[in-house]
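Take a look at the structures listed below.
Each of the two complexes below includes chain A, the first together with chain B, the second together with chain C.
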Partner chain A sequence: MNAEIRPVKTAAEIGLADLFASARDSLPGGRNAEAIRRDAFDRFAVQGLPHSRIEAWKYTDLRRLLRDAKPLVQRPDAPARSVGREAGAVFAGLALRRLVIVDGAFAPELSDLTGLDAGVAVRATAEALGADEMVLPLEMAGTDAVAALNTAFAADGVVITVAPGAVVERPIHLVFVTTGTAPAAMFTRSRLELGSGAALTLVETYEGPDQSDYQVNAALQVDVGNEARLDHLKITGEGAAALHIATFEASIGAGASYRDIGITTGGAVVRNQLFLRLTGEGAVANVYQASLLSGRQHADTTLVVDHAAVGSQSREVFKAVVDDEARAVFQGRITVQPGAQQTDARMMARALLLSDEAVANCKPELEIFADDVQCGHGTTTGALDEQLKFYLMARGIPEKQAEALLIQAFVGEVIDAVAHDELREALTQAMLDWLKERD
Partner chain B sequence: MAAVQETIEQVRGIDVDQYRYGFETLIDSEKAPKGLSEETVKFISQKKNEPDWMLQWRLEAYRRWLTMQEPTWARVDYPRIDFQDLYYYAAPKPKKTVSSLDEIDPEILKTYEKLGIPLREVAMLEGVEPKPGEEDPARRKIAVDAVFDSVSVATTFKAELKKAGVIFMPISEAIREHPELVQKYLGSVVPTSDNFYATLNSAVFSDGSFVYVPPGVRCPMELSTYFRINERNTGQFERTLIIADKGSYVSYLEGCTAPQRDENQLHAAVVELVALDDAEIKYSTVQNWYPGNSEGKGGIYNFVTKRGDCRGANSKISWTQVETGSAITWKYPSCILRGDNSRGEFYSIAISNGFQQVDSGTKMIHLGKNTSSRIISKGIAAGKSQNTYRGLVTAHRKATGARNFTACDSLLIGDKCGAHTVPYIEAKNSSATFEHEATTSKISEDVLFYCIQRGLSQEEAVGLVVNGFVKDVLQQLPMEFAVEAQKLISISLEGSVG
Partner chain C sequence: MTALLEIRGLKAEIDDRQILNGLDLTVNKGEIHAIMGPNGAGKSTLSYVLSGKPGYEITAGEVFLNGEDLLAMDPDERAAKGLFLAFQYPLEIPGVATLTFLRTALNAQRKKRGEEELSSPDVLKRVRELAKQLSIDPDMLKRPLNVGFSGGEKKRNETLQMALLEPKLCVLDETDSGLDIDALRIVADGVNRLRAADRGMIVITHYQRLLDYIVPDVVHVLAAGRIVKTGGKELALELEATGYAQYQSEAA
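Here is the complex of A and B:
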């Protein structure tokens, strides 16, 4: 008898295979894209969903957390679109240029496309794919299975290009919103090309209904040209039962500066994976991430910063506030390629555990192949400082409020990193709202 | 001209190997048939005159091993090991039954002499006896268990230790003489199913040391084991078991060397420590297996499982290691902090040069209340080596008040090497306080310039800085080891500058 070893497929893996078989002919893209999608799905099929024995997914066992594959989302109807009009309320009132993506599809009629700043061009991903004018594979994510899934299924999103030298004053806000109450899966792919010397502030927000256990697999590829400057702010505020997986890739050119601020408050299971590559001399990347978790939330932030050029610099700050039975995961890796001398990289990860059932798993890594470097990382994990709390309470501040103040100070470092004044204020308010919900 | 000549000499000096212990002892030896099977396991067990329970224990481990897969998660790269192409047992052929040291093969005695390990108690006593009260620490008595390939050839100071109630003997003897202790503790810290190499070791381990310190006894001298791989194509699978009963203290040293050979040799040891209430174990290692030649050929594969169990309240286990040898090191001395208020410590210096690959670190598993641990790791990578620190700190739900402090620093010498840090920090308890910091850098030009300006050569200056870098760990070593380790560090780094 032939004892062939065949990995046991989970229901979700089988579901995804069926989904791909039925959807692949209708996905946008020319002949070229079709081959890439097929190849990507095969790569996924070989490895299956990532599980805890895959080092990069050690603390997020997707085989367990993603129980079943949801059907691909339907094109949004009129009521869905009206929901989209209200979305992105966190930054309502700010003069952001809204580009709305409803149920994974770019909605131009809800987006603010009039009077685009000079040098800025926006189009739907589906359109770019149809014209075979978009790179599909997520190269920096390597063999990662969920990135491969995104490549296989990605149907829409936005493609933004900023011409060299264009300094865009008005921040662009990508509003991703899920509307339906029926469980559905959506795969979006977006791309931003920032020409050399250009400057932009990009905001991404994700939201959806609490009642639906929808699944989002989003990817954003960014190319920051030489001497360009990009401020990127992402708020993962998905519905309470949602699964959110996002892959972010950025290539940062010589003398360019990239600043990333990420805040995770929503979603049942969240995985934000960021791959940054500093490709030019003197490139700078600053990453600030915060997770505010409660209930049974699970949020994983995995970050790889690859220093591939001389004299590049990076700073990473990660803060997690974990309450109830929530779990926060941070995996951060700083890689210094051979020859990337004079690299200066620092990483700091801190977790604040507010309850006895809360869990924080932290894995900061250094991987260094050059000798003339300065690299370091630090992590701390602990509860709120009782003495600080006592100090505040002794001054007449009620316990809950004292805690809130200390938490605010703890997360403050991340929010203070937002350069745009109005955005920062709006974020501070959002954090205060989260703290209020704790009571 | 003279200067040029000197440079040439120096470069030549770099090319030849700096390993001082690479000689081979030519003696007759008895080996198990090549390869691994149930027969091999039975052969080893029979050679050791083991009781049946021990054989069954081994066989169970062997059967489990057959179902296991070699781990691949470590950052080490080596051709697949053919486990059937090894000898699992090699023992110097006894001329007759050995009853005293004089009857040991003089070749073996010479080997240990060359290595600087005193096996003759008299040699220790002949010297000027230090006056009471002004004991010269470098001349303190050390009891030595010498393991040559698969067997223990001599254990010194047995009688004196016996007076104190301390049992110090080869584990093969302990299995026969103290089965109740061995049965109770063997495999209780590192179970036979623990990992691929530990399971292999459980099946075929041949010798090692056994230490039992009775309640309330402070072991009167340092205990030490010296491991030597001599035979070609053999794997060494030693097993060490140390039990510190309530309120006792023991300090244990371990040293290792092997001849210079072109083929790789396997060393897969298991060390188990058990500390009961209020007991303390201090375990120090200077690992100097043959690291391979300057082209990366040969050297020992060092795949070791070391774990200590702070089983009792207020117990303490401290690991100190100086790792300079081996082609590949895969070693994570760990502490299970089970007892309340127990404490684990890990001090490590790992130096890699040439083509060495080190993946080493520790695990601190906090289970009891108010447990604390401290990790100080210093990695130095030179040449074309890869040096990885991999460590886990975890606090379980009931480990309230757990505390950890970790500092791992790496130093890179040259631009062809790599230094990596992979810590895992898992807190499942809000009252746990974990702190971790790591840095990687090269030796500051300013500091070197300062030293050279004051007349030190480049190499001396680097040596000085490196010794300063590792000082925190060296201070944890017993005196006689610290001196040796300091010398070893300068040898390992020779030729790595410039």
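Here is the complex of A and C:
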């Protein structure tokens, strides 16, 4: 008799299967979408939640970190929606075009949809899915289990299109906010199509209550057309007990330029996975990520940059400031496809550990299948420089303030990469607030 | 009258090596004291111990600044009380703009002393004036602190900090090292402008050259961690002629 070896399913895996069985008929989308969701869930069910033996999840064992499946979030009621009005305060007063997503559902009445810039169109993901006009699979993420879960469950979000040649002056701010104190799971899917020669600044912020251990699984797909320019800024500032998993995919066309700035300060467990593909000649991608962690936070940034065209260029900078017993993870892989000659790619990961128990895991990888390329990577981990601290203190600056200045200087490279002046100033202020909380 | 600085029987060690070995020194307001001595005598250690650099263990002695126990204070408190150390090797701090640093330091000190903090434009105005006196390019103020500055620029920047912070006691640690003659003159002029009846200075140097420009009232010879001889400014010239050999053997 052959005994079949089958891993024991965790409570969360069983819970997710029950959830899918009960929700699949009510999720938005036509027949096409329904089939794709089933496929995606099957793909998840076969492998289960990712764990540390899966290389891409080496330092973030979701089997251990995701204890249970939360019920799918209810459609937000009126009080919930009013919370949405106050969300995204970090950029209040900046006149960004706000598109608000409350508890995973796009809230048009809270969003600024009047006088859209020429060439810009916005609609809810649920609507696009209903019309079977939305691409559901997350292709670059491959067989990744959490991306498959997003495809299976994604209920709403926003779809933005920018017509070729449209240069959008006013940045668009996707305000994601969780309102309820009852534990819930939400799966959002958003998409941005930037036509050739178009330009846009897109901001994403995530927030929610500290008291609730809610779960967010968000995905954003971006298509940056030839010669287009996209500046993308994401702030992961979830509530203190939240789990935040996000999958980001970008396809970057010939001569296009993509700039990604990510700052993680919130959430108990955070995984930001970014998949970038430079598909056209001379495409440029610059990625700047920073994590500012304390308490027992765990934040994982995993980045795959795929150079698939001649003469493409990328820069990846990752900075982690880790206090208390927190852990920062950075995995960065640069792939150069055969034929992607004259690729120029450089990656740097630096971690600053502020306590003896703080941990940083850095894993840079290069995978090069072309022979005429320039690629490099480096990583450093260290504590605050005591000599520099003494120099500042000798000028009268108190210890905590001296440390804050040095931390600010360390993260500065990421903040300074924000091209939009007002956004950069607001971010600097947000970082100072984070530093104040250390006192 | 209370002395500006009073050091009594100071002994200090680092990594179990005794560097200061019962040092006594009194500096009154309005005086400039030069401390000269051979390499390894403890000159830099004295400056670090006075400013509170971590890593030094004080095993004996007392230090009073205007009658207050200096050794009980953290480095930032000492600065707010009016102690300033001009570093022999000023540090580079990438990511911190020079002007931000100056403003932060000045206002931190003022706050600690219960004085009103100055607005950014007020600080900028003061800094600009001082920069001009010290031939410092205003563009340098926007650059990260000391990053990519030449040796001379770093020392001028130290002098600017000292002028801005208006300390009671200035300790200049080998300010002449790494300076060509023109830079030396600019820095010395900057220091001389700070001479005042209510301010004292300790000028630590290996060579007599600096003392042609910053003329001291008192000259001390430091050897093996103690003051072994004290005299007037002519002592510096004498040392230039005879060297430190006699004091090294005396101390040993």
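We adopt the following convention: the second predicted complex is superposed on the first by the 437 of 439 C-alpha atoms of A that agree within 3 Å, B and C clash if a C-alpha of one lies under 4 Å from a C-alpha of the other, contacts with A are read in each partner's own complex, and residues count from 1 in each chain.
Heads up, the rule we're going with is that a contact is a pair of C-beta atoms (placed from the backbone, for glycine too) under 8 Å apart; a residue touches a chain by one contact, two chains touch by 3 or more.
Just so we're clear, the structure is a prediction, and the values are computed from it rather than from any experiment.
Enquirer: After superposition on the shared chain, which partner residues are touched by A:Cys375: those of chain B (first), chain C (second), both, or neither?
Expert: first
Enquirer: For A:Gln387, is the partner it touches chain B (first), chain C (second), both, or none of the two (neither)?
Expert: In the superposition, A:Gln387 contacts chain C only.
Enquirer: Per the contact definition in the header, classify A:Gly396: touching chain B only (first), chain C only (second), both, or neither.
Expert: After superposition on chain A, A:Gly396 lies in contact with chain C alone.
Enquirer: State whether A:Thr114 touches chain B only (first), chain C only (second), both chains, or neither.
Expert: neither
Enquirer: What's your read, chain B or chain C touching more residues of chain A?
Expert: B
Enquirer: First (chain B), second (chain C), both or neither: which does A:Ser26 touch?
Expert: Neither partner.
Enquirer: Applying the document's definition of touch, where does A:Gln408 land relative to chain B and chain C: first, second, both, or neither?
Expert: It touches chain C, and chain B stays clear.
Enquirer: State whether A:Val359 touches chain B only (first), chain C only (second), both chains, or neither.
Expert: After superposing on A, A:Val359 lies in contact with chain B but is clear of chain C.
Enquirer: Which positions of chain A sit in both the chain B and the chain C interface?
Expert: none
Enquirer: Note which residues of chain A are touching chain B in the complex, please.
Expert: Residue positions touching the partner: 55, 58, 338-339, 341, 351, 353-383.
Enquirer: Contact residues on chain C for chain A in the complex?
Expert: Residues of chain C touching chain A: 51-54, 74-76, 78-80, 85, 87, 90-91, 93-96, 100-101, 104-106, 108-109, 112, 144, 161, 165.
Enquirer: Which chain A residues qualify as touching chain C in the complex?
Expert: 386-388, 390-399, 401-402, 405-406, 408-410, 412-413
Enquirer: How about chain B: which of its residues touch chain A in the complex?
Expert: 73, 397, 410, 412-442
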